[in-house]
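Letters A, B, C and D mark the chains as written, and numbering starts fresh at 1 in each.
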Amino acid sequence: MSNLKEECGLFGIFANETCDVASTAYYALFALQHRGQENCGIVVNDDGVFSSHKDIGLVEDVFMARDLQELGYGNMAVGHVRYGTTGINTQSNSQPMVVNHHKGRMAVAHNGNLVNSYELRQELELEGSIFHSTNDTEVIAYIITKERIKSASIEEAVERAMDKIEGAYSLVIMSPSKLIAVRDKHGFRPLCYGQRSDGAYIVASETCALDAVDAKYIRDLEPGEIVVFSKDDVKSIDTHMNTAPHKICIFEYLYFARPDSVIEGVSVHKSRMRAGACLAMEHPVQGDVVIGVPDSGISAAIGYAEQSGIPYGIGFIKNKYIGRTFIAPGQENREDKVMIKLNVLKDTVEGKRVVLVDDSIVRGTTIARIIKLVREAGATEIHVMSSAPPFMNPCYYGTDIDSKENLIACKMSTEEIAKAVGADSVGYLDINHLNMLLGTKPNEGYCHACFSGEYPTKEPEVTAKNRFEQKISEK
Amino acid sequence: MSNLKEECGLFGIFANETCDVASTAYYALFALQHRGQENCGIVVNDDGVFSSHKDIGLVEDVFMARDLQELGYGNMAVGHVRYGTTGINTQSNSQPMVVNHHKGRMAVAHNGNLVNSYELRQELELEGSIFHSTNDTEVIAYIITKERIKSASIEEAVERAMDKIEGAYSLVIMSPSKLIAVRDKHGFRPLCYGQRSDGAYIVASETCALDAVDAKYIRDLEPGEIVVFSKDDVKSIDTHMNTAPHKICIFEYLYFARPDSVIEGVSVHKSRMRAGACLAMEHPVQGDVVIGVPDSGISAAIGYAEQSGIPYGIGFIKNKYIGRTFIAPGQENREDKVMIKLNVLKDTVEGKRVVLVDDSIVRGTTIARIIKLVREAGATEIHVMSSAPPFMNPCYYGTDIDSKENLIACKMSTEEIAKAVGADSVGYLDINHLNMLLGTKPNEGYCHACFSGEYPTKEPEVTAKNRFEQKISEK
Amino acid sequence: MSNLKEECGLFGIFANETCDVASTAYYALFALQHRGQENCGIVVNDDGVFSSHKDIGLVEDVFMARDLQELGYGNMAVGHVRYGTTGINTQSNSQPMVVNHHKGRMAVAHNGNLVNSYELRQELELEGSIFHSTNDTEVIAYIITKERIKSASIEEAVERAMDKIEGAYSLVIMSPSKLIAVRDKHGFRPLCYGQRSDGAYIVASETCALDAVDAKYIRDLEPGEIVVFSKDDVKSIDTHMNTAPHKICIFEYLYFARPDSVIEGVSVHKSRMRAGACLAMEHPVQGDVVIGVPDSGISAAIGYAEQSGIPYGIGFIKNKYIGRTFIAPGQENREDKVMIKLNVLKDTVEGKRVVLVDDSIVRGTTIARIIKLVREAGATEIHVMSSAPPFMNPCYYGTDIDSKENLIACKMSTEEIAKAVGADSVGYLDINHLNMLLGTKPNEGYCHACFSGEYPTKEPEVTAKNRFEQKISEK
Amino acid sequence: MSNLKEECGLFGIFANETCDVASTAYYALFALQHRGQENCGIVVNDDGVFSSHKDIGLVEDVFMARDLQELGYGNMAVGHVRYGTTGINTQSNSQPMVVNHHKGRMAVAHNGNLVNSYELRQELELEGSIFHSTNDTEVIAYIITKERIKSASIEEAVERAMDKIEGAYSLVIMSPSKLIAVRDKHGFRPLCYGQRSDGAYIVASETCALDAVDAKYIRDLEPGEIVVFSKDDVKSIDTHMNTAPHKICIFEYLYFARPDSVIEGVSVHKSRMRAGACLAMEHPVQGDVVIGVPDSGISAAIGYAEQSGIPYGIGFIKNKYIGRTFIAPGQENREDKVMIKLNVLKDTVEGKRVVLVDDSIVRGTTIARIIKLVREAGATEIHVMSSAPPFMNPCYYGTDIDSKENLIACKMSTEEIAKAVGADSVGYLDINHLNMLLGTKPNEGYCHACFSGEYPTKEPEVTAKNRFEQKISEK
């Protein structure tokens, strides 16, 4: 029920034989759909010939049977799902981006956000470069292209490019003959690979995509690692490894990733259950039932119930038939649409003291509506538990946690928030217990900037999005 | 995950003032979508002028904003969602059926199945009647029309028609000035009504549709009851009440209805939890985790867990982005499509003895696929619990429980079934405990013919569907 | 450019062998599209099993490749294109109408309009009949069904039905084993048949549909004739032949039919050229160029040019890319949309005295816009020639020539019309010369009621359309 | 009926006030649709903010009412229709191309083909430039961007760029504050401008687009001219004027342009009539009727008829309902689809010696099908007249007159062609009479390279299209 949006999901396949890579990409992107619902695309490489299909929409809407047939067979493919800012030119921002340079074609798919794209872009423009899009991917493609001229191979160009680009980036790059997976030196965004029984290698943002295409998980890329898949060879380039502290985004565990994914060895579902258990210890309440807000509050609710001994109950029935074309006549705002989707199961909450677990509280409007519904269904007390600490700062690494004005925790105390949203009490996960989510991982292995304000990189001068979509005058 | 299909969901509204009845119908049908996903329709009555929009598809796909605008405002409306047999002429089978007779227009929406429609239809045809559709609704409309000639009012015609039609039928009928709700004398299918704060009466198959339009539940219709809503009046006609034993379909509780609905005073969710608890008592096993097959196995799984003390776990993650246009390239059969939708949460089942609860076992193919997935995810034992007893007989009352050839329980013992589907054991709810589902209701208040073969009515001579869609030769 | 609408186009095929009758119907309906652009439908008969596909829209939009595949192969098919009144329930008015009666299935396709449908319908309703649609086709289907009970065969039932139904009707009727073509005793609407080289018989409203499916024209049906196609037999029933004067609609030649069709032995194009030649003799003017309004004014313009010796010129260029989805932003009325489609070829008219030939003048608004455009392009004089006489009366036989209020010729003299539309002069074809269009055919062989007011039948009491779509109240 | 394809149509508007430029562009592109049916696009400039909408499809399909609303009001817009090669990545080839460079945004729309794009592209790539598309427009955008760095203004950059790019190009370029129209020094492709009554300037490929938006024609751009529209100013830059011989494409008159357009003072319709008259003098035959192949053969047929005295007749009826979704079941090749669209008007040709006029003969397959149809309709002799001389050479200037292998005139003598296509005789316009088409224009003012092989520029080393879409390998 949180309204935060992840920017992207990545997929790549390298097979030694020509096969139906388009269908594989389709299944994988479908499994990664939760990472981006605005655009998606697949580029197939059939012995150096690139075919691509990209559009605005969900995977199942963008790819009809005919589209997959036209993409056809090949030995490589890259795929991408994307959440992007709406507005100008969204089609030209679709990914994977395919560009032609002096050594041929290259497809680039990117998850994350650079912190120096404004500077890089200015530099490139002063050399006479033109840009078709307003996104970081084109900047990355340019930097690699420029380095390619001085490099012996595409992977060397990528290696050099990593000296220039800063920030959060997981990349899947496809040249005519190679597939290259890259994770930035902090490892902000996840990226892993596995292998199918026919030997084909699969690269994906999350393991749920490996499951979807029957590939066996091999390992996550290390922060700063480049893995190059080519004919009969898998090569790791480690020059950027161990050059910066490990900073996986903790919100991947709390909200973005699918619960059946395993990131860096930690089950997402388990990490959420642990968050719920932590909340039960930090904020014990007298309750009769624990319910979770679907879908991402459920795991934590079960964790809270197990730890506290208060029974878990099904609090909401979701109308599973809601889709893209639902029109909500007479309902003006987005919150109403959320409510049409959910009906409270009165039996579960009527006459009870309810512990209501959600993944996070951003603006507070959605949780307020939910609390109202539960109250109307007869709950006598409602204690809200947020498995994320309070959001206090914007994120520069590929999510849309925005300016402080919209974050309720920047404006009110916890008590004030409880009152504002209509809860009897509100409990946030203690920022100091975030490390518990990851089990045995060391405390400083993750990024918590949105909670703490401690940014692992410099902060961007200008956020690229604003820069390039603003009004421009020329003499 | 069961593949059984309910035939229909009904909706009606009677307002004293002209208002946006089309939007109200839209929201209500959306809440009833689980009762039928093939066709849907709304007919609006604006002071005697009927406007209708019906088509093949889900509510949100059939009704665009423009369609609702064109239906416009009115003081009455009826709506219908339908699951029908595919094939010939499905559009002409859409409901509500609007017919013109000598007293004007009439719209009829029907949920259920007659057992004497073949005989009635033959009789009508010999009088020169023509039929546009192959469904029972047209037969019902004809009978009412014929009786209307001899009757002083539409409700009298309906009352007389009830002497002729036999079987399962809940009806919502709209004349130019009245809305009439009817339930057959056995009460096979549910039907209830409520009232909105503006005074408008709402009739619906389930209470979840009342919730969706902010109406307060008043009561269920009694078996055999006719309720007539007209200007400033609500009238009950009781001539057919208490003329036959009460026979609400028990499978409405086990599978068809939405868990947040309350039928005849019994919460559907609660009845399922009770079924799970019964199973725990009837079939105790040594297990480490109880999981439910989404969506309708979840409530029973929680009931089993609570009763047994074995912890409840989330066994499956559903891909919520699957929709109507998903193409499943390379996957031929329907079972594969089911699997694309579900991924096992390995953490929950790996290395564990799993109790797997589902709503029912029909052909056994789906559960076999699910068991295979859970086994591959590392479960050491899998004990399947079906919250329905074994299906042994076809249903003639509006569901598609079909011929004995397709029912696995007709062909194998429980042990053989366990072996066939790959389970360590299979436990079915004892048919003698079905009454437990309803709490304090007396034993014989429900229909269990599909399990027991004890049909409350005569069995149909010819099933209408087959009769009218077979090859026909004429001299 | 006239805005008059024909009601329908008919098609039927009877093959001795199973073949791709759906595709044949598709091509034929496409060739008949000018006779109706609102709905269309095809019903295929595969050895008694009927499959149908009907919808609102043009042939090419209603039938996708998949639809034709689903209709599949068969030995018979009927097809229909329709222009109908917009509004309530247009889908249920789609044709061919498929009904089930006591002897099986029957499909009925109808072109024309009855003059006693109100009386017939009242009679049927008093016997308890219900109607799904508001059109005459259902009335016809009922009458045939009722007669079928007393008849030895479907063709005998049709023969008897013809005693009851009055007015304009060409019919194509399909029973499980026969295809029956019927033309009313006046022969208001055309109907002909031919044969393909594989022996299959084709029935169609116009010969252009025979051309489209490579069938050789055999003959037109006689007024009052029934032709029955069955296994190895073609039978003519003549009981209704020669029982009334021949009254083919003269406006079929002037406007409705395609110029490449031949009706009752007379080429439509040639008849229009003759109309143009007549106009040149009746209304000689000093002109420099003759131009025609596309598409149906072109033939007459060429006829005028040849007869008068004034050179023919291309006056307008039509934008052939205009289609159903053209939105005409900022243009409110239909006339503007017409203009977007046409651009005057300045070279042809600049500085010239122009003879402008159109098929007819109904309300006068369209011709006024066209005259304005030609004037702006530099014409010094504009003499308008209408190849139809002035419309003075409504048509009850299947066209939408409407009430006198909308007919400009009912309200003004020819001189006043010229002034109102901005022409230097207006010339109408003399009603006494209409027989010239048909060459050697006798004077009274056609219906000219819309010009003369001499109706060949009784006038209808109530026009059915109004009766059944009006507000209805019931006690 | 010719299958040659023009590459593009251009549109631009510069208004001093904000107005509905998107709708204006829509109407203009609709009028230019014949110049390109594959892609189209509009870019609106609202005080420096660019909004664009581009897609594959016809104008009316790409632009829904909502799209025009979203493009919104502005003071400038550019639009483009395009015929492009099918296949890889057509969406990324859509125009106008919008690029971001160091001085802001720029939109470029291009009609024509460069002869040195391969060299330019190689040069740019070696500097590290990346390309998103395979078309010349991106090369042009790059060259202008690079020159912009050294230039004081965008128009100076364009002026400098013209020193580098060679070949056929008409351009409309939009900067944040200026609209710039450019024609190459040979003037291969047309470009003109006019003014609306509100003062807004309109640039378009043809005058028919000025008519469509109610703009008054001012003049054609001179070859080599740059016209800059800015706030309160229209400026002509003449540095490239009169630096090369004038070479307007003669095939614009014969086939590409709309007959109601006037190019460089010559009416296209009149030029075609003159071609027909020439043919009558060069190839006199004994005929009974002259018919033209729709649409572009009609004007020449009328010219032939007037000159020869043989009467003009309507030879073909076109089915105007054919559209994008017509599926032609059972018809494999494109020629069949053409035939479905045309039906011969038997009356016109039966028993006659027919003079059949078409715009050109390329491969000979289409004319052979048409001849067969006319022969089957009863023509006793068929004399084919081509208003274009024989095609002997490929075109490098923006049309798809292709390799010699596909040109029938390269392989056969005129007599052999007549035999091959089934004609009694074939007559081509004499290449020496082409100047007659233009009336009083001097002989060498047009390009006739496709007939004569005399190319006004160097021939391209590699045709860009092939170069960039071929298989590419990278080490």
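One rule holds in what follows: contacts are C-beta pairs under 8 Å (C-beta built on N, C-alpha and C of every residue); 3 or more make two chains touch, one makes a residue touch a chain.
Everything numeric in this text was worked out from a predicted model, so none of it was measured.
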Neighbouring chains common to chain B and chain C, by label: none
Given chain C and chain D, the chains that contact each of them: none
For chain A paired with chain D, centre-to-centre distance based on mean C-alpha positions, whole Å: 47
Whole-Å separation of chain centres (CA-atom averages), chain A against chain B: 39
Chain centre separation (chain B, chain D; CA means) in Å: 61
Junction residues of chain A, two or more chains touched: none
Touching chain combinations (by label order): A-B, A-D, B-C, C-D
Contact footprint of chain C on chain B as seen in their complex: 47-52, 54, 88-89, 91-92, 97-105, 122, 125-132, 134, 141-142, 145-146, 148-149, 153-154, 175-177, 468, 471-475
Chain B residues within the chain A interface of the complex: 20, 22-23, 26-27, 30-31, 33-34, 37, 58-61, 63-65, 68, 208, 211-212, 258-260, 262, 267, 269-270, 295, 298-299, 302, 306, 311-314, 317, 319-327, 329-330, 340, 343-348
